[in-house]
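Two complexes, one shared chain (chain A), two partners (chain B, chain C).
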Partner chain A sequence: MDKDKAQSRRNFIDKGMRITLGLSLAGVGSVALSRVSAKKWVWQIDPFLCTQCGRCADYCVLKPSAVKCVHAYDLCGYCDLCGGYLRPEHTERDTGAENQLCPTAAIERRYIEEPYYEYVINRDLCIGCAKCVAGCTAFGNGSLHLQIQHDLCMNCNECSIARVCPSNAISRVESDAAYIIKGGFTREESGG
Partner chain B sequence: MHLTGCIYTGTHKALKAVFLLLLLFVMMPPASFAQQRFPRPEFETGYEQPTPVTPEPRSLALEYVDVAMLLAVMALVTWFLLKKRSRTGIFWISVFTLVYFGFYRNGCICSVGSVQNVALSLFNTGYSVSLTVLAFFLLPLIFSLFYGRVFCAGACALGAIQDLIIVKPITFPSWLQKTLGIFPFVYLGLAILFAVTGTDFIICRYDPFVGIFRMGAEFTMIVLGIGMLLIGMFVARPYCRFVCPYGALLRVTSFFARRHMTITPAECIQCRLCESSCPFDAIDFPGDSNARPDTEKNLRRFILYLVLIPVWVALGGFAVSSAHVFLSRAHPDVFLANLLITKPEMRNDLDNIDIQTFLSSGKPLETLVEEAEVIQNQFYTGGWILGGFIGFVIGITLLNQVVFRRKTDYEPHKGNCYSCGRCMKYCPVIKKQ
Partner chain C sequence: MQKKLIGIFVLVLFLVIVILVVMDYSSTRPDRRGGNPYEFSADIFTAVDPALVTYREIRQIITNAEQPKAIGCQDDRIYLLADRRLQVLDLTGRQIHEKSFPDEPRCIAVPSTDTLVIGFENYICLTDGSGNVLFTSPQETDSSIFTSVATNGNTIYVADAGKQRVLMYSRDGLKKGEFEGESGSASLHGFIVPSPYFDLDVNHLNELWVVNPGMLALQSYDDRGSLMNHWEKASVEIDGFSGCCNPAHFAFLDDGAFVTSEKGLVRIKVYDPSGEFVAVVAPPDKFTEEGEAPDLAVGESGKIIALDYDKRLIRIFEPR
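Moving on, here comes the complex of A and B:
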């Protein structure tokens, strides 16, 4: 009899606690549900905030980084003297390794017509160091810029580059607009 | 040879001039620039402009597949536990989880880390949590209210990798297990504090196994992961028992589970065969009924410990809130503000990217300090809450020491049991049809 009483008391406490916990879960769930977004979110770099510090190459959980240079061809001036391709102390405007700014030779320089050259990023070689971006932004149109490549990105819960980005250029964007490719010359013109 | 050298230097100088000119252009006010510095050329050779490479992210539909997979795995584990009573079934589900959620999904998305997203969404109105993450947070907890920690048994990749490498588990003394068992709550509280203040997602950052799933991480994290697995051969599931913050939540909900798995399918015959079957020391043995402690003395201790709980809460709150300045430095903005105030000479350190970026951004130091103070105040308030919570957990743990539960049979401890099903194999009782 005594045992039964203890048993039913236990069951009562268990049930009460279960309901309490269930209700608090429902509470937390419904508040979170009011903030929920049915969209998928991915990390992306705002090229207009990026300061080309070079951390994207080092802090990604992937080696090499999921951040790669993209080329917004709309903006490119197709310069022969390309600040993104050639080192400032280059000796000749050619494809010689000693003249290239890119540490992995990931930019291909192709002759189109006098005096224009096309610059194509080899994504497999690019490490996202932003050296070319710095050069292009300082001396050119800024058509070269960094973007997180979503076929590579692990979409970590918190981007380990975002944590160390000095200009807070990395934030979450909706996955149906997963890239911020530079359009016009300024942010205003591109409507971004 | 000499001549070409001359030409090179000549070009070099000319280029330098061009660069200097360009630098001048850079410094001119942007208003005078309605167009590009170098307008796009008109090509005569019919050149076709390529488009930038932008591969699509993993589709949203596949995220829902993950949720469906989680649900299916947990439902299967429950079925294997309660209906089939099959450890083998759970073993193979663990293998599947390790392959799918571990090595295929690279340990991300996981319920353990989802705590931070949900906490952040509760406190920060601007943060939107995705439906998938919320489902990953809620589903295992809901399941545990009904059937115990079926998530830990077979749906968690972190649990699976540890469960599958257990070789020769050692037994922990109860006091040590209970003391170390406080840490997951501390970790949970700290992770929530850090997530809510926008400081860091420490659960994800210090996840020891995600580097193994990804086959690559920082050196220290790989060492931690492999070290944890090596320890895990002898201390079964060390992360789950003494670290996992989500496990702390599950421990609470599972303790009141409606229909937890049992060792025996029918009546326990006290054969003691299951006694050493649990690698996690999660089986409660029936107490010797003669050894029931002195009721009056026990009651006095119970009341004492109950009264002590508010004291623990206050002590904890005081201790952690006193450390709020130290804790808040984990936030990058507070760290930077602190650095700029205490070491102003660092402004001249051109190698410090954070300081140089801040200085060139034109943001006044006062603004940064104000922002840092807001965060520091959040840490002060949060410190009281976190400390109070830790104190509460300590108080409850102590109180549990004097709660005497009469047990007549061998039963899994509903809170600590991972429902792995090992003990069921040891039970000789067969349920009568």
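Moving on, here comes the complex of A and C:
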């Protein structure tokens, strides 16, 4: 009788251990799975809300800023007289430093054929000041716009630029659609 | 004594930290920031010498339209296209007639009060003066975007911004031909249309003039597509056109002078028939900053009628 009791206690402990181990494994597995499949959120600028205030250059925790100018080539007019490249008071339509709008000469002007020029952003030089974006928006098609570069961005819990953005243009977006690029994309299509 | 000193020190430290946090927070508030060191300013170009403004605004007509599209004028009647309908107004804004369409009309020519040519995205209609359709042309390709129509006798000219060409139709709707602008030298190039602003009109000498917006130029063509005349003014100064696609709209005064409207620096100006700057009709401060270039029509006695898309107004200017 005592032997049977001892036997059933051992069985109970044995079963309990197995169940506990199984549940633990299932728990760890489900946590790991949820971590893998959970959506990640990253900060991004809505170019349709951006007012080119210049704060992206100054307020990012990174120096230079993780915000860079990007170019929607399908929107660009490839103009000789480019409002994003040339200062309004330029004297010549050429690559002279005195004629360039960008304070760091981060836009490269490449001749294609008369009268077309391509404007390429040098990301290493761009500080995200949006001066070219303002010029392009004022005089051109708005093909130049700012985007947070996610290979640079620290994805801070609270984005220090978003905190001071006067137009609330910076918000978290899902990482699988981490960029809001102009071009074929329009405000209507975005559902905004 | 020592405890008291420590207490005072901790209290002072706490106050300093609080002050620093408050200062830091308030100094980075968007409304507390100093000037933008990277500010793009075109203010010197928005200011216009008042002596150059030789027109005055005599009337504003509220359109009550959600999406005004285009405007025309004939015999002091204003023809407004908006919200899939044609409205015929007198110069006081009183509605004389209204006609709805199944599609969104985009441009209009009014050769007479009995005949209208209305352009849709990729086809045109000839209508009577009330907008009743007399014929409809076949639809062009999906990539076509008709932005302007004009007439010269039996020929209807259509600016197709999508395909960067000018189409020609007869008054019975048959397509007579098309051309893409003349190229061949550094100063000549086929039509460059970076955005859907591509206007054309016919002057009092029956000459077809077409904007080549990418070249900031106006060009005259015959019906074979040969360039007859052209002028261009690329400049951000008041006497020129700036940006990627200007002038966005133009119309002719009775003497063949050009009335132009621009986007970017939104302004309306007059150039003589040879392309020399004459006067400013409306400087940039009359319009919404970075707004759309107003569509233009010319009425009796040199009145200039502008469709202000941003304020949804019809604005009438006359010489001082």
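In the analysis below, the second predicted complex is superposed on the first by the 148 of 192 C-alpha atoms of A that agree within 3 Å, B and C clash if a C-alpha of one lies under 4 Å from a C-alpha of the other, contacts with A are read in each partner's own complex, and residues count from 1 in each chain.
Convention: a contact is a pair of C-beta atoms (placed from the backbone, for glycine too) under 8 Å apart; a residue touches a chain by one contact, two chains touch by 3 or more.
Quick caveat: nothing in here was measured; it's all calculated off a predicted structure.
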| item | value |
| --- | --- |
| Touching partner for A:N155 - first (chain B), second (chain C), both, neither | first |
| Chain A residues touched by each partner, larger count belonging to chain B or chain C | B |
| Contacts of A:Q52 with chain B and chain C, given as first, second, both or neither | second |
| First, second, both or neither for A:P166, with chain B first and chain C second | both |
| First (chain B), second (chain C), both or neither touched by A:G77 | both |
| Shared contact residues on chain A - chain B and chain C | 53-55, 76-79, 81, 83, 88-89, 138-141, 163-164, 166 |
| Interfacial residue positions of chain C with respect to chain A in the complex | 28-31, 33, 36-42, 44-45, 186, 189, 192, 194-195, 214-216, 234, 236, 242-245, 264-265, 290 |
| Interfacial residue positions of chain A with respect to chain C in the complex | 52-55, 57-59, 76-83, 88-89, 101, 103, 114-115, 129-131, 134-135, 137-141, 163-166 |
| Residues of chain A that touch chain B when the two form their complex | 3, 6, 14, 17-18, 21-22, 25, 28-29, 31-33, 35-42, 51, 53-55, 61-63, 70-79, 81, 83, 88-92, 112-113, 116, 118, 120-121, 123, 138-141, 147, 149-158, 160, 163-164, 166-167, 175, 178-179, 181, 185-186 |
| Contact set on chain B toward chain A in their complex | 8, 11-12, 15, 18-19, 22-23, 26, 30, 33-41, 43-45, 47, 49-60, 63, 106, 108, 113, 116-118, 121-122, 125, 127-132, 134, 137-138, 141-142, 145, 200-201, 204-205, 214, 216-217, 252-253, 255-258, 332, 353-354, 356-358, 360-361, 406 |
